[in-house]
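Below, chain A partners chain B and then partners chain C, in two separate complexes.
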Partner chain A sequence: MGYAYYVGLAINGAVEGLTIGLAALAINLVFAVGRFPNATTGDLMTVGAYAGIAVQQSGLRSLWLQGLAAVGASMALSLALYLFVFRALRGRGMLAPLLASIGLAILVRSVLSFFAGHDQYVFQLPIVRPIMIAGIPVQSYDLWLGGVALVCVLLVMAILFLSPIGRQMRAVADDLTLARTSGINVDRVYLVMWLLVGFVTGVAGMVLGVRTVVMPEMGWNMLLPAFAAAVLGGVGSPAGAVLAAMVVGIAQEMSTPVLGFTYKIGLAFMVLVVILAVRPAGLFGRVERVR
Partner chain B sequence: MRFNRREIMLTGAASLAAAMAPVGFARAAEPYRIGALNPITGAGSPYGSGTQKTILFAAQEVNDAGGAAGRMFEVFAEDTQTAPEAGVLAAKKLIEVNKVDAIFGTWSSGVTLAIMPLTDAANVILMTNSGAASISTLDTKDLVYRYSTTGIRSGRAISGVIEKEGLTRVATMAFNNASGRDLVAGVKSGWEEKGHSLVAEVVYEPNRPGYRSELQQILAAKPEIIMLGSYLPDTTIIVREARQMGSDVRFIGPGYAIAPKLSESLGAEAVEGLMAVDYVSSLDSSAYAHFSKRYQDEMGSDVGENFYASCAYDMVQCTALAIEAAGPGADNTKIAANLRKVSNPGGKVVSGFAEGKKLLAAGEEINYEGASGPLDFDEHGDVKPLFKLSKLRSGALEYQYMLSL
Partner chain C sequence: MSLLELRDIAAGYGEIDIVSGIAIHVEAAEIVTVAGTNGAGKSTVAKTVTGIIPRCRGVVEFDGRDIIRLAPETRVSLGLGYVPQVANVFPSLTVLENLQVMAGVRNRKSRVAEMMALFPGLAERRMVRAGALSGGERQQLAFARALMPNPKLLVLDEPTAALSPALAAQVFDHIRRLPGLGVAALVIEQRARQSLEISDRGYILDLGRVVMQGKASDILANPDMAALYLGQDGSTH
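Right after this comes the complex of A and B.
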């Protein structure tokens, strides 16, 4: 097998990693600011994908409009979850919101399958042949989806690191009490954070939906790999989550000529164990200082 | 859906009256209780309701013909939800509360394997459509009967199709579960017996964001056809990715994966000529003619592709005939021992219980030829069902030919 074969594997891994990375990014946003692992992340993605499908079924064929609907629906749901549930659970430790999020995830999925059924839906896109770049077949959709995911990540980073609200968000993530005493409007920070989570999961749901099939369990199935990437990247580190997901994705696919396909997921978790043994806080996490 | 409650009360009252009658009078025999344990909800739901309704009307037919060896059939309906946990709860209820003698129509292997310890311990006859090979080997008392076949045998039938289609370079891709691996193992063994070898084989983990690396490995071996041991969602993704990768490779798979829905999802062009292997009822038999008419009357809809309902019809007929042949007072072991006698070759061909009952009374040997197939049970209690090959043409499945195992 030539180098094209391995480059192909690496590209597959990178694209899969980017898809999971978006979910991991959403998890780490909530973890950094809200301080709990958000189990509704997967189902926020699913709702986004179904919103896109709803637009398609109504006859509008524009992928941009479908994507817009996906992002809108996920943002609306994310905001609603915060306003009606997670806001009341602020300051109640990690366990209460975690359990609530697991319950909400099941609720969202049940409501969705009650109305939309268990049948699969598909984004109806023309099937295009690959284009050759330096002897390597590349999917134009991969380039598009990869591009969209990358832009989404960069946008979140820009908001986090270049805007005033991003700076406030990082301040809240660092130390809630200190942030509040220095006059930061914590409520506003939470609101923006949940909107951001909705945005990211909406894009992630759309990307996953276009690549696979839309079913009620699609997002939930991504939750475990996304959590793994979030932990590996460093809990609470948004950029680390995306990078970790891509590293795992690429390592996973590159291992298949040796390990085969059933053990590649096992390998991903092996990587996780080894890295956490060396760096307990993850690739980009910081160990909490004892004061 | 439910058995007429009044009828159950009546049979109950009748048997109570019989029990209280003074000894020495001819006693009405104990009813034969059947649990209709079917996938009303969950993945098997397209088939479950029709299957259950069929058991109910078939039992009514037996009762109308005067019962089997004097015993009336009494049916208790339950839902497996196509899930082992729910299936076990329902089976427990049927066995312990309703005291059923037989359970008919379990569908997924997960459910069947989970309830087998219960039916085995209670000496309950179990008739199923599940495909796991281990069902045959775990049945130590010869009380389990399969009205379809194992995944491995289905796979062997598929290898026959591939040869018949004149294809030589064959690869397999299997969903990593018992059903997917069994199908592919069957294709492999059938194909190797024909003196060929597979060019590539992959077992994949389900629920991934894509299967492109898997396909890349398969396609590198340049197969003419890929045999899929998959379900509809993963088949959709795999076929689309193969086309996106620029491959025109053909696919063959089970009828629940290569379905018209696939063409709805991907467009008719991408799936043109894909091949589906599926069970088919014995469409030309007189048992099927009778069954499908009754089904239409009872359900208000055509039996269509519900092969499993025709199996359920046969489960009731075969059991009734076996009870009749075993004579009054026979226990399940004796009844089961008569199942092969009334349905395997050697006797006069019959197509229903009433007809068979008359011949048995006249002392003749019979051979029930069912709505679902000829029903000749082998030593494992399995039959050789009929398979058909269909191809997707302009978005619809088009019948090609029948296959033999």
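Right after this comes the complex of A and C.
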């Protein structure tokens, strides 16, 4: 196993990391603005992937159309969850919305299993040769999917840091009461935040679905590494969450030759524990409040 | 017609009224101080005006409109500004973003420039996160933020709390300039004597009720009030 093999693993880990990063970004958004850990994140991804599969089953082969359906379905579900459940739980502390999100996650998975069964689905992609970059074989789909995930992350960052609504979202994350007395329309901020969560999880679901297989538990299985990345990156730091997810993804893949496939997740969490022991606020977290 | 009028206000948290029977009014471009002992309900008055108190009844009229049922964000759009006692800036946003994020601002760019001119210290720190500012700089930013939408009234909740005497004097200077900008001020203040000295009128609260009101100069001249509520060092106790 030479150098090229390890670079290949690192690239694979980076794409895996970006997928986890998207989920971590969605968790981070809800945690910062909505103030609870959202357990439906993984299942929003799953719904997106199934929507893509549904379009494929209808005979439409365009991956872009399937992706569009994935994003649309996740956004619609995310918005519905907010309007019908989480809006009523605003200001009720962290526990009530967290428990509701766990219940909703199970409900969404059950509904998917009821209608789509437990069969595994795959996105039908034409077989292509790996492309050679500096003597290293790279799957072109990995490059595409990594690119899509990266563009999605950059788009969310641009919204958060360059647009007025993003600024308002960060203000609500800092201090809800001050945001309200600053005249910020908090309802609108929540609405946009949940749509953004739907968008991100839809893209993540599609990327994960194309790279692996589509089944009811696919998103749920992704939830723990995503939570780990969100904590590792520093709660409240969206860029940190994505970078931490890359660390988790690359560490997992690079450990495969030594530890084997089964134990790679264990190593990811060992990295998490070690980093948190050294930096309790996470890699990019700040313990800072104006008092 | 007063710019702000509170009549028969009872407000508090949970089942308990912190203040009751409160009547306070503020005229346009006037400075009014609300002082009193710790726990007298001064901040509850500020929160009642801005709409962030959980429970309140009575009449709150602003610019001739009953606003008691309106959300805080709607009150801001009517011209009611607020500088909270603590946590009065967004720490993770830069100085510039703290100004830009204010809603209801017409011609935002020129308004930011006006605020930078009014508080020159902020101009050179525009790209610094507010969480990294000193206490005095934060207070300047809090003022500038509240002035961004060109409010008719600023409610200031203990704006000199935790500031050194020199910085507190700066804050009172800022407040003194407000009527010149066409802005009235309702100042909730612990440093009662200093605040009354720059005010047109004042109210003294004790155990949730107004125990004295009138011209600021009259309150300052009242020996009983001075002994009971104003203290020797200028702070209520």
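As a working rule, the second predicted complex is superposed on the first by the 281 of 291 C-alpha atoms of A that agree within 3 Å, B and C clash if a C-alpha of one lies under 4 Å from a C-alpha of the other, contacts with A are read in each partner's own complex, and residues count from 1 in each chain.
Everything below uses one rule, namely that a contact is a pair of C-beta atoms (placed from the backbone, for glycine too) under 8 Å apart; a residue touches a chain by one contact, two chains touch by 3 or more.
Here the structure is a predicted model, which means the values were calculated and not measured.
Tell me the contact category for A:184 with respect to chain B and chain C: first, second, both or neither.
In the superposition, A:184 touches chain C alone.
A:60 contacts which: chain B (first), chain C (second), both, neither?
Neither: A:60 stays clear of chain B and chain C.
Identify the partner contact of A:128: answer first if only chain B is touched, second if only chain C is, both if each is, neither if none is.
It touches chain B, and chain C stays clear.
Touch test for A:95: chain B only (first), chain C only (second), both, or neither?
In the superposition, A:95 touches no partner, neither chain B nor chain C.
Report for A:9: first if it touches chain B alone, second if chain C alone, otherwise both or neither.
After superposing on A, A:9 lies in contact with chain B but is clear of chain C.
Which chain, chain B or chain C, ends up touching more residues of chain A in the combined arrangement?
The partner with more contacted residues on chain A is B.
So, A:270: does it touch chain B (first), chain C (second), both, or neither?
neither
Residues of chain A touching chain B in their complex?
Residues in contact with chain B: 1, 5, 8-9, 12-13, 15-16, 19-20, 119-120, 122, 124, 126-130, 137, 139, 141, 208, 211-213, 215, 217, 221-222, 253, 256-257, 260-262, 264-265.
Per the contact definition, I'd like the list of chain A residues that touch chain C in the complex.
It comes out as residues 164, 167-168, 170-171, 173-175, 177-186, 236, 286, 288-291.
Could you list, by residue number, the parts of chain B that touch chain A in their complex?
My answer: residues 176, 202-205, 207-210, 212-214, 216-217, 220, 232-233, 236-237, 240, 243-246, 261, 265-267, 270.
For a test of understanding, state which residues of chain C touch chain A in their complex under the given definition.
50-52, 71-73, 76-77, 82, 84, 86-93, 97, 100-104, 130-131, 138, 145, 149
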